[in-house]
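For reference, the structures are reproduced in the following blocks.
Shared chain: chain A. Partners: chain B in the first complex, chain C in the second.
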Partner chain A sequence: MKSYYSLTYFLAFIPLLMIIYSITPKKKRWFILLIASLIFSYSLSGKLIVYLISSIIVVYLSGIWLKKINDKCEKATENIDKEEKKIIKAKYNKKKKLILIGSILIHVGILIFLKYSEFFATNINTLFEALNINIHLPIPKFLLPIGISFYTLQAISYSIDVYRGLIPTEKHLGKVALYMSFFPQIMEGPICRYNETADSLYEGKSITYHNFTFGIQRIMYGILKKCVIADRLNPLITNIFTNYNEFNGGIIALGAIAYTIQLYMEFSGTMDIVIGTSEIFGIKLTENFQRPFASPTISEFWKRWHITLGSWFKDYIFYPISTSKPFRKLTLVLRKKLGNYYGPVLAGVTALFTVWLLNGFWHGVGWQYILFGLYHFCLILIGSLISPLIKKITDKLHINRNSKGYHIIQIIKVCILVFIGELIFRAEGLQACLNMLQSLFTNFSLSSFKDLSFLKLGIDCADYIIVGVTLIIIFIISHLEEKNINVRELIAKQNIILRWAIYYAFILFIIIFGAYGHGYVPVDPIYAQF
Partner chain B sequence: MNTIIKNITKVFLFLVILCFLLLIASYLFEPKTNNKEAGMRDVRLNAILGEKDNTLDVLFLGDSEVFSSISPMEMYNKHGFTSFVLGSAAQQLHYTKYLLSRTLKKQKPKVVILETNAIYRKIEPTGPIFRKLQNWFSIFEYHNRWKSLNFRDLNLSFSYEYNSEFKGYTYKPGIKGLKSWNYMNPTTESKEIENLNKKFLLSIIELCNEFDIKFILLSTPSTKNWNYTKHMGIKEFASEHNITYIDLNLMKNEVPIDWEKDTCDEGDHMNYYGAVKVSNFIGDYLANNYKLENKKDKPEYKSWNEALPRYFKAVGKF
Partner chain C sequence: MERLIEILSDLNPDVDYKTCTDLIDGHYLDSLSILSLIAELEDEFDVVIPTVEIIPNNFNSAAAMWKMINRLQEEE
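Let's look at the complex of A and B:
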């Protein structure tokens, strides 16, 4: 198996696992999931699974160690006065901090070593060359185990949450291993927190008819997004981003829009498969998307797109920085001088800058990813700084900010900003990215649409139509979900003839209009490469 | 328990109806004739569907090596026996087996020759499953025809009328030669055939045995794809299973390939001049060893005689 999108996964791995899982006693079912997860990880990463196993062991041991110190601390602080308790607690907290830092350093160290050492070495060599320093660092190249960026964040969140006392220490190595390696989420997330998924992972719920059918439906929805849209757009996107020098700004804009659609369909589609697969086994994973293209602001967009990554950065980077002692003191001073709105800005900006710098880095190795992070940092910062001004202007002009028209304009603005961001994200290197942006703003032309030459860039008119129709279907489903209408429940309430007719139509739609087989090159799981 | 049985029945019934719908869709989407305009895939090899039943003496199977180096019309011209090349780019053995078993429903060849390069091509475990799915439901192979469906497709009768004067061969006139070559250095090492490949190879042999067909392994000349370790691997397999194995890469005197002139892509494939040399040798070998009848005077092979001038015109011999 190379990914979820394989016949082996759907026709052999999942059915076999369902059978073994069902005949295993409830208490041991988590163990079956663990074995399946390790097999899945091994089939993806081969011998590189050793990194995942080391990570599991480090997380497990740090958790156990933290618990031991907690227990010792509790014993030592029994029946003593408050002052003495404080001193002893501080002593134990120091030890706990050391363990936590050790665990984080090991994880981040492995990630940096495997993923970024080539990037750093290349850039240091370039710098040395520019400074005429005659040193040339060897450029290391390592194979990355699939999902390392995801499970590393899960590992760190587990260690920090145990340290903070938010979750109990898991005493069973196997259970920690399952939390870290659960097969549906190992490739592209979601980055789940221990307190959100652990219970359902270990519970061993039976496979019910409801969970099975709903899970399959969610999987089919994911396949629709991936195979009909993301894969169909692939030749167009590859062509535009590879031969960007040959196209005017209009086509570059088309490429940016197409890539944004592809990325969303591929990533959210994979999440549908991941969550649907878990649903079959009665395991509820955290949602990663919540109709992001209905966001009126960029910061709202990031609360709806890759939700688990955003909330990870918020909880483990943003708040620890903005609420750290030095920044708390500084904010107090600034509040007095600049008022309540602009007072906390400096602390917020520093934390936000760190978050987006790391976010860019996390996504990939290359300057364009850092530029991508900083672009969004600027958008969010500007958005929040000018928000009082916008309020004033709209009030003065008597523009109703709650009106539908204003909301739609806001959504369009966000979409355009996101398209530009994804162009930076997808560009093949920093130079290509800058050239494409330049072409977008200085060489914009609609001539390729007027003379219909845009239909010869890898996909034809029929492809555009089918992508459009599928997007409308997805838009309707998303719109209903936005209104809190559960589409699957809605279909389940219909009589069997109508219900099955809908299912068959859906399946046949994917089989007929899916971009698979001869003549198609499916897009690789995009986020699995990060 | 009742609920479980009820639910399993429901799922089963759902799947049965789905299969039925897929069958209908397959009939609708499958090309009704075997030419390119009708949407047929691999027209070069699917032209075999247009050959009259039981008219082929020899079948060649394999990847691009075989369709670049074997020209059935050259052999027909010289010896009068009929043959067809069922070769496709990067062919995997599960597809080879499918092609052979499909052809044996309509043809009774005396000899089947497999070009050995395909034997070393890795088969993805899902490949055979997807192939089976495509065999049962051709909608998986021809789903993309939604772009060109027309009223003719509503008529569910199939008539395969297209046949080609090339008989599966691909004419490559270009010359892109090699300056130096030294690719068959003797060694005792042998390249192992992967288990899944071996499984399909054995099933192909079994199929030939079942139909009383002589099975031969053939390595056509290629400096890029062939070497001595592969030769040894096939040689060992052939002697273990008592199969005739011909390696033209070691027969410089019998098939004098000039690597400066007889290849179109620097040793990867034969061009037309190389293909003529290979076809002449294989034609002589088959005619001498397998009593293949000369069909040139038989009226039922009129189409082959008519195809000859078309073929020679196409390859620039007229």
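Let's look at the complex of A and C:
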């Protein structure tokens, strides 16, 4: 098993796990999930699972240590006055902070060492060369355990939440291990918080007909997105992004749009499989997407796209920086001078910049990822700064900001900005990225669409029609969901004949129109590589 | 509570703060607005809002914010 998209996963791993899980007493079921998770992780990463296990042990021990200090602090502050309590608490808080910093440093250190050593060494060598310094650092290359970027963030969130007193310390090593390694989410997230998933992970809920059918429904929806759209577009995207020098700006734009669709379908499709699999076992994971392409601003787009990553950065980077003591003081002074709206901007901008720099860096090793992060930082910043101006202009021109037309224009604007961002993200290196952007803006032409040569770039007319029809189906489902209509409940309410006719039609659609076999190379799980 | 509603209306006048219960989850307040709001609340109600309190549950409605402010004032 190298990913969720394998017959071994669907036809052997999951059914076998369901049987063993069902015949195990309720109280021990979490242990079965843990064993399955470790087997799954081992099948993905082999011996590199040792990094995951180390991470689990560090997180567990830091949690236990923090609890011990908390208990000691509580005892020491019993029946004493307020002022004395504050002094004692501050003393214990220092110790707690040291443990937290230790845990974070170990996790971030392992991640940087394994993921970024090569990047840093290469860039330092380039710098030395440019400065005529005759030193050449060896370029280290390490194999990365799958999912390290995801479980590292989960580990940090657990330690910080225990430190902040937001969650209780988990005393059972096995239960911490399950939270960290739960098999459906180990490859691509979602990055769940302990207080959101722990209870349902350990509860051992029975597999009910409702959970099973709803879980399978969600999995099928994910497979549809991945196999019919993401995989089918793959030859076109590979061709455009590899041979970008041969194409005009029109085709580069097509590549950017196709890649954005592919990334969304692959990532959100995988999330459907992840959340659907968990649903079978009665475990509710946090949603990672909420129809991002219905967003009227880039800021909102990031609240709907990879939600758990955005909320992680917000809670553990943005607010701790922007509400730190020095920035609080600065905000207080600036508010008096610049007013309520622009007063906190400096604190916000510094925190936002850090968030997007780290966000770009987290996504991958390469300057194009950093450029991608900074691009979105600029978009969000400009969006926030000009928002009062836009309000004034639209009011003066009597444009109704709540009208449908205005909303649609906003959505189109966001889509175009996202397409450009994803072009930066997918480009094969910084130079390729800059060349493609140059071609997009200086050599834009629709000639390849007029002479139909765009149909010979890896996929043909039939592929475009299949992708188009499937996108329309997904658009209708998303539109209904945006209007708070639960499509899954709606199907479940139909009589048995209609219901199963829909299910079979769905399965047949995937079998007939899925892109597999000769001529197709399925896209690798994109986010698992981060 | 009325002063709190006034502060919120200054930030985004298009929301009915007496009934809205998803100010964060419904994307009515973005991160920069929250920073502005925190500074204003700290100034107006003489409290310190620690980072751990900046969670959707405390900011999703005017009532939740009011509850948090009262709690922090008591703890001071």
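Everything that follows uses one rule, which is that the second predicted complex is superposed on the first by the 530 of 530 C-alpha atoms of A that agree within 3 Å, B and C clash if a C-alpha of one lies under 4 Å from a C-alpha of the other, contacts with A are read in each partner's own complex, and residues count from 1 in each chain.
Here is the rule we use: a residue touches a chain if its C-beta (ideal position, glycine included) is under 8 Å from a C-beta of that chain, and two chains touch if they have at least 3 such contacts.
As the structure is a computational prediction, the values presented were derived from the model and not from experiment.
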After superposition on the shared chain, which partner residues are touched by A:164: those of chain B (first), chain C (second), both, or neither?
second
Scan A:450 for contacts with chain B and chain C and give back first, second, both or neither.
neither
May I ask you to name which of chain B and chain C touches more residues of chain A?
C
Between chain B (first) and chain C (second), which does A:343 come into contact with in this model arrangement: first, second, both, or neither?
second
Does chain B (first) or chain C (second) touch A:319, or do both, or does neither?
second
Considering only the touch criterion stated at the top, classify A:8 as touching first (chain B), second (chain C), both, or neither.
first
Considering only touches as defined above, state whether A:26 meets chain B (first), chain C (second), both or neither.
neither
Of the partners chain B and chain C, which touch A:172 in the superposed model: first, second, both, neither?
neither
Given the complex with chain A, which residues does chain B contribute to the contact?
3, 7, 10, 14, 17-18, 21-22, 25, 29, 41, 125-126, 129-130, 133, 139-141, 143-144, 146-147
Which of the residues in chain A come into contact with chain C in the complex?
164-166, 299-300, 303, 314-315, 318-320, 322-323, 328, 331-332, 335, 340-341, 343-345, 347-348, 352, 384
Considering only the defined contacts, which chain C positions touch chain A in the complex?
10-11, 27, 30-32, 35-36, 38-40, 42-43, 49-52, 54-55
Listed in rising order, chain A residues that touch chain B in their complex are 6-8, 11, 209, 460, 462, 500, 503-504, 507-508, 511-514, 516-519
